[in-house]
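Below you'll find the structure I mean.
Each chain gets a letter, A, B, C, D, E and F, in the order it is written, and its residues are counted from 1.
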Amino acid sequence: MPNPATAETLELNPETIRHLRQASTASVATLLFKRGYHNAYIQGVLPLSGAAATMVGPAYTLRYIPTRPDTDPLDAFREPDHPQRVAVEQCPEGAVLVMDCRQDASAASAGSILLTRCQVRGVAGVVSDGGIRDAAGAAALDMPVFAAKPSAPTNLTKHHAVDIGLPIACGGVAVYPGDILLGDGDGVMVIPRHLADEIALETVEMELFEAFVLDQVTGGASIRGLYPPTNPKTLTLYDEWKANRDA
Amino acid sequence: MPNPATAETLELNPETIRHLRQASTASVATLLFKRGYHNAYIQGVLPLSGAAATMVGPAYTLRYIPTRPDTDPLDAFREPDHPQRVAVEQCPEGAVLVMDCRQDASAASAGSILLTRCQVRGVAGVVSDGGIRDAAGAAALDMPVFAAKPSAPTNLTKHHAVDIGLPIACGGVAVYPGDILLGDGDGVMVIPRHLADEIALETVEMELFEAFVLDQVTGGASIRGLYPPTNPKTLTLYDEWKANRDA
Amino acid sequence: MPNPATAETLELNPETIRHLRQASTASVATLLFKRGYHNAYIQGVLPLSGAAATMVGPAYTLRYIPTRPDTDPLDAFREPDHPQRVAVEQCPEGAVLVMDCRQDASAASAGSILLTRCQVRGVAGVVSDGGIRDAAGAAALDMPVFAAKPSAPTNLTKHHAVDIGLPIACGGVAVYPGDILLGDGDGVMVIPRHLADEIALETVEMELFEAFVLDQVTGGASIRGLYPPTNPKTLTLYDEWKANRDA
Amino acid sequence: MPNPATAETLELNPETIRHLRQASTASVATLLFKRGYHNAYIQGVLPLSGAAATMVGPAYTLRYIPTRPDTDPLDAFREPDHPQRVAVEQCPEGAVLVMDCRQDASAASAGSILLTRCQVRGVAGVVSDGGIRDAAGAAALDMPVFAAKPSAPTNLTKHHAVDIGLPIACGGVAVYPGDILLGDGDGVMVIPRHLADEIALETVEMELFEAFVLDQVTGGASIRGLYPPTNPKTLTLYDEWKANRDA
Amino acid sequence: MPNPATAETLELNPETIRHLRQASTASVATLLFKRGYHNAYIQGVLPLSGAAATMVGPAYTLRYIPTRPDTDPLDAFREPDHPQRVAVEQCPEGAVLVMDCRQDASAASAGSILLTRCQVRGVAGVVSDGGIRDAAGAAALDMPVFAAKPSAPTNLTKHHAVDIGLPIACGGVAVYPGDILLGDGDGVMVIPRHLADEIALETVEMELFEAFVLDQVTGGASIRGLYPPTNPKTLTLYDEWKANRDA
Amino acid sequence: MPNPATAETLELNPETIRHLRQASTASVATLLFKRGYHNAYIQGVLPLSGAAATMVGPAYTLRYIPTRPDTDPLDAFREPDHPQRVAVEQCPEGAVLVMDCRQDASAASAGSILLTRCQVRGVAGVVSDGGIRDAAGAAALDMPVFAAKPSAPTNLTKHHAVDIGLPIACGGVAVYPGDILLGDGDGVMVIPRHLADEIALETVEMELFEAFVLDQVTGGASIRGLYPPTNPKTLTLYDEWKANRDA
């Protein structure tokens, strides 16, 4: 059994990220379900921007606990190693910053300035099960941001950043550093690192088949025997469709 | 007292659907309230597409209960008479497919392929108090889709389709097969079948009067005596407005 | 200690409203937090229109309690001094109508006709922690409307308007008549009247500094030492930036 | 239509309180339902003591809104006319103190010292949809206390007492001063003042009939024809049962 | 794969009920988890009586949907085949009446008279994810009653009994007629009918081993190597303990 | 500013624990509120046993995140360093084991065997914002157990024990290892370690004064001028009362 706590060290097939970029969270949810992963969708989190691009990358985790006066004075952010600020400056290029806010969106976990810094640094996306302030600014970034909702209060109100790089909960799901996150208009799926290669590979055929099915259905076909393809003719048709498509 | 369980057999005035197409859920809510129907709005359900067209049609019901391993194996959808797939293929043209997901949107109740099939078959719309996967695809259809929110997990995760054509709960409201559903930007109202004709008829005058009121208010009129029209002059003005409008 | 119940009589600096118009709720949340106000954000309320303009104005309060048959007959709105209708006709120009719906959005607290009347009368905006019916119409107004969500049922279903001008709760926050409300894409903040001048003034510099920071970050600067400006060079850079900007 | 806002002035039949003392909330709920009152049960509120005596009396209302630093300083209770303290000293003998805490039990609305003072003064009971601190002490009183749950935090944390004697919401139900409250192991019902006499009277026969039914059922009778008494023999049996009982 | 919809016809080993009577829901939860049943605990439902006896029996299901005026007139219960009354008279001796109230406890699903009738008829217990009225009376029965909480309102307020003997949801779990229910102080587990025999048998050894472990722990043993018994000596000790116990 | 993360190393006055044993959570909540700690009450957690003794001790923390198949196989507990089992064996005598279950009580975080082991080892109490299985057994222990509610499912269903000794959230409150926890019938308060001595000391006088007030109120005194003691005579009376008490 791979130890998720060291998931970051598992090597990924270089094509995995590329495969997942063309995949949907819906397909990945099905592939994870087939392997017994029934709780891999980050609940209560959607893209801030209606037209979000697909987000893919390994998880870089930041954990918050509730604030209190001794740990969250007014000048908390002046501390050079405040974990939230460290996370924003150190989340690796291509990684996804994932924040555990205990599903409490009554205050923000970040705002557009920090998110802009993430984008400039090449971060692949940000996921929070808390709120985001200046959400309009965040939604306008090229980098996808997934969160519970806009929320104006400073994170000092509710969220004390306590550590980086530990396994966390986000939206009711376990996220280990190095797990691969995939986000689109339906939200965010967490792919355990050791499954990422095989799932990424399977999505390629799966997305192609779904495109074929949608084509057939748009053309008037019944889903009976087509989806799933219990009728052997379906697979023949599919082969023809692929051949035509590649021609 | 009409038996709602056989509501489907009640004949509708052919104009009822046409009348409701120009009506708003707000007006229907008021007309139902006046008849003692205080719980006819499907709570927690909005159109996936911001600019949803009005949806009207008789209810065709599908009931889900929670899944479990023996009833929801990985190949559940290969079964030819899986109720969800049957519903998608048999929901009558012009009817609305209504799904009881126990207000649980942590998994999907349908996705864009099945919804496209519904659209191709002439289904008037789909209502679910659960989630919808590939919600962006669903929102892009011409057929209105009303649901709790986008949700990537396959319905095998939470929702076992158990039967078709029974009275169900949807968003905290009873829905009997054959009840007339009206949906717009404010969500969905359930009109008991035996009241549909009279309510549809009343909306015609009601929408006209509201258009008149909005005209007056936009022009600077106070709502006092105008809305509701306790001032007799209001009704005179209204008659003139209608005469001008028809001229 | 100023008595919030008489907040309306506190005089405002004429520039306060103007200053707040360029401010964000995020900045005001931080300034209130610094003064010990940790619960000033109206929870669960967002603008109906995605592209809402900033809303600023003193609160004019309307309180609802649950309905019941003896207090909410079908012709309730015919009563000339129904508090909701009085509020719509008497909310002062430039003020914000704030409605306490006990965070219950299962029915509407107002609809587009009443909201249009508010706009015509010069009301600065409307805030409700309940629902809004004909929400599409409301979202299309020039006047910002903040609410929990669209909701078709008439307020007779749930919300009995009981009095005007009392301190209320809205979205879990105390609102006293005369408190200054600021709304934008992140929702609505409540500024106690006696703090409005000083907070408004501070936002001017704060928004300017945030614009500078965003500029730097967009240009590739690290947030370390910049935000907050613990590095003395930051303030020098800021002065130059301001000088260039004004040049 | 009686004006609930002046309900306190409606005279009660002297026997009404006595009749209700032998009644159950279940019976009163049914009698109110029959008159169209579908929302008269204070949701989320139960007796602190498992073996609570029946509570009956007219409502004396106290309203809380959220606290904030300017209205709730540390010495708030030193103010001689703090509404909570006034309520405890002025709630009439035989009346029920009802507190509107917006269904927020994360802090207390009262503790055992104030509740003991209420008991000494002859208050008939206390109802709160918030928390109670020193709940064990409160549960040990002879006076029934109904609340959401024990909660240690002082009410300064969440609940600012703002006024007395206004119509309020409690547990999702409208309560007008002078309405008659009935509490038992199932919670609390709110009887509109103008209906109290007739409902109280009807409970006498209703409770007697239920005692008869329970007797029959315990003795082996089917509920068919008995409950409700659709079989004419049931009423004959009932008359005999009453005759025996009175003999 | 057994078809749960016909679970009632599966024969049970005559000892299964007897075995389960000495079992705990905790043990059954573990045994079901091991077979992939992760959602078999009826959420939000506890015994009304603190000292509830263990409940065991096959499920007899009753489904409610929301009420409305046409289906739930004041004299609804006079109808001889009202499903709730039929259920109370026909639930087999030794079976458990399970009611699907959509986890809505704002109104009752039954009261002490109907529950007394169930007890007299030999029903093994009653489970509801809604409320129970006259809960004190219900808690005093010998028959265990599991529900969300006491609730005074008549079921006409919220719960329309619609059918009997169908698969239902209760507390977020699927319940098929004939599934075996086990209830104790921790709540209620649903055992799929086809697994009942083997699970019941396994609990015998499991409860014995847990008694041994508790004995050891009470006597000062560490749980290391004992629970689970990874130390081989544990099993030797266990054999001795059993031998002594049987001596 | 003391660093809460090293709170465990702060020395406590030897009398602090003794002082707190006679204190109530209500008093401590007030004393913390006065110091700006508005969020120190563990929400949603009460003693399993109605007649719980007061619990006092320093926090020893255990953190759970959601389970998943790779991290929570069926034999997870066979692993010798499973954090939950380590915690049960290593929580120091006199300390309180506090578990962060993300306020999810749909599964257990511990059961009566592990809790018995804690009691035998001299643990001062256990606090969990999740469920407890075999709650009847747990409630019968001498050691106080505070939790959300009984819950039969094994923690493998929802709660993966991930680490020990880190700052956690419990019931919406930050808990640092070494913070002092106080529990009674009203639930649990978290006292930051560096404040424990001074707060413990203040409770001595506070509880004494409250006992005096309760005595006066029971004897018929008004709370005006007494509670708080704004009337100078109150303090004279109090001195006399103390003198008599000590005599």
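The criterion applied here is as follows: contacts are C-beta pairs under 8 Å (C-beta built on N, C-alpha and C of every residue); 3 or more make two chains touch, one makes a residue touch a chain.
Note that the structure is predicted; figures quoted are calculated from it, not measured.
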| item | value |
| --- | --- |
| Separation of subunit D from subunit F, taking each centre as the mean of its C-alpha atoms, in whole Å | 33 |
| Subunit A and subunit F: spacing of chain centres that average the CA atoms, whole Å | 37 |
| In subunit D, residues with contacts to at least two other chains | 38, 40 |
| Touch-based graph of the chains, sorted into line, ring, star, complete or other | other |
| Chain pairs that touch, as defined at the top of this document | A-B, A-C, A-F, B-C, B-E, C-D, D-E, D-F, E-F |
| Of all residues in subunit A, those that touch subunit F in their complex | 1-2, 4, 35-37, 39-40, 65-71, 73, 102-104, 160, 162-163, 166-169, 172-174, 192, 194 |
| Subunit F to subunit E touching residues, read off their complex | 74-75, 77-78, 80, 85, 88-89, 106-108, 111-114, 116-117, 120, 133-136, 149-154, 156-157 |
| Touching residues (chain side subunit B, partner subunit C) in the complex | 24-26, 28-30, 33-34, 38, 40-41, 43, 46, 184-187, 189, 210, 213-214, 217-218, 220, 222-224, 227-228, 230 |
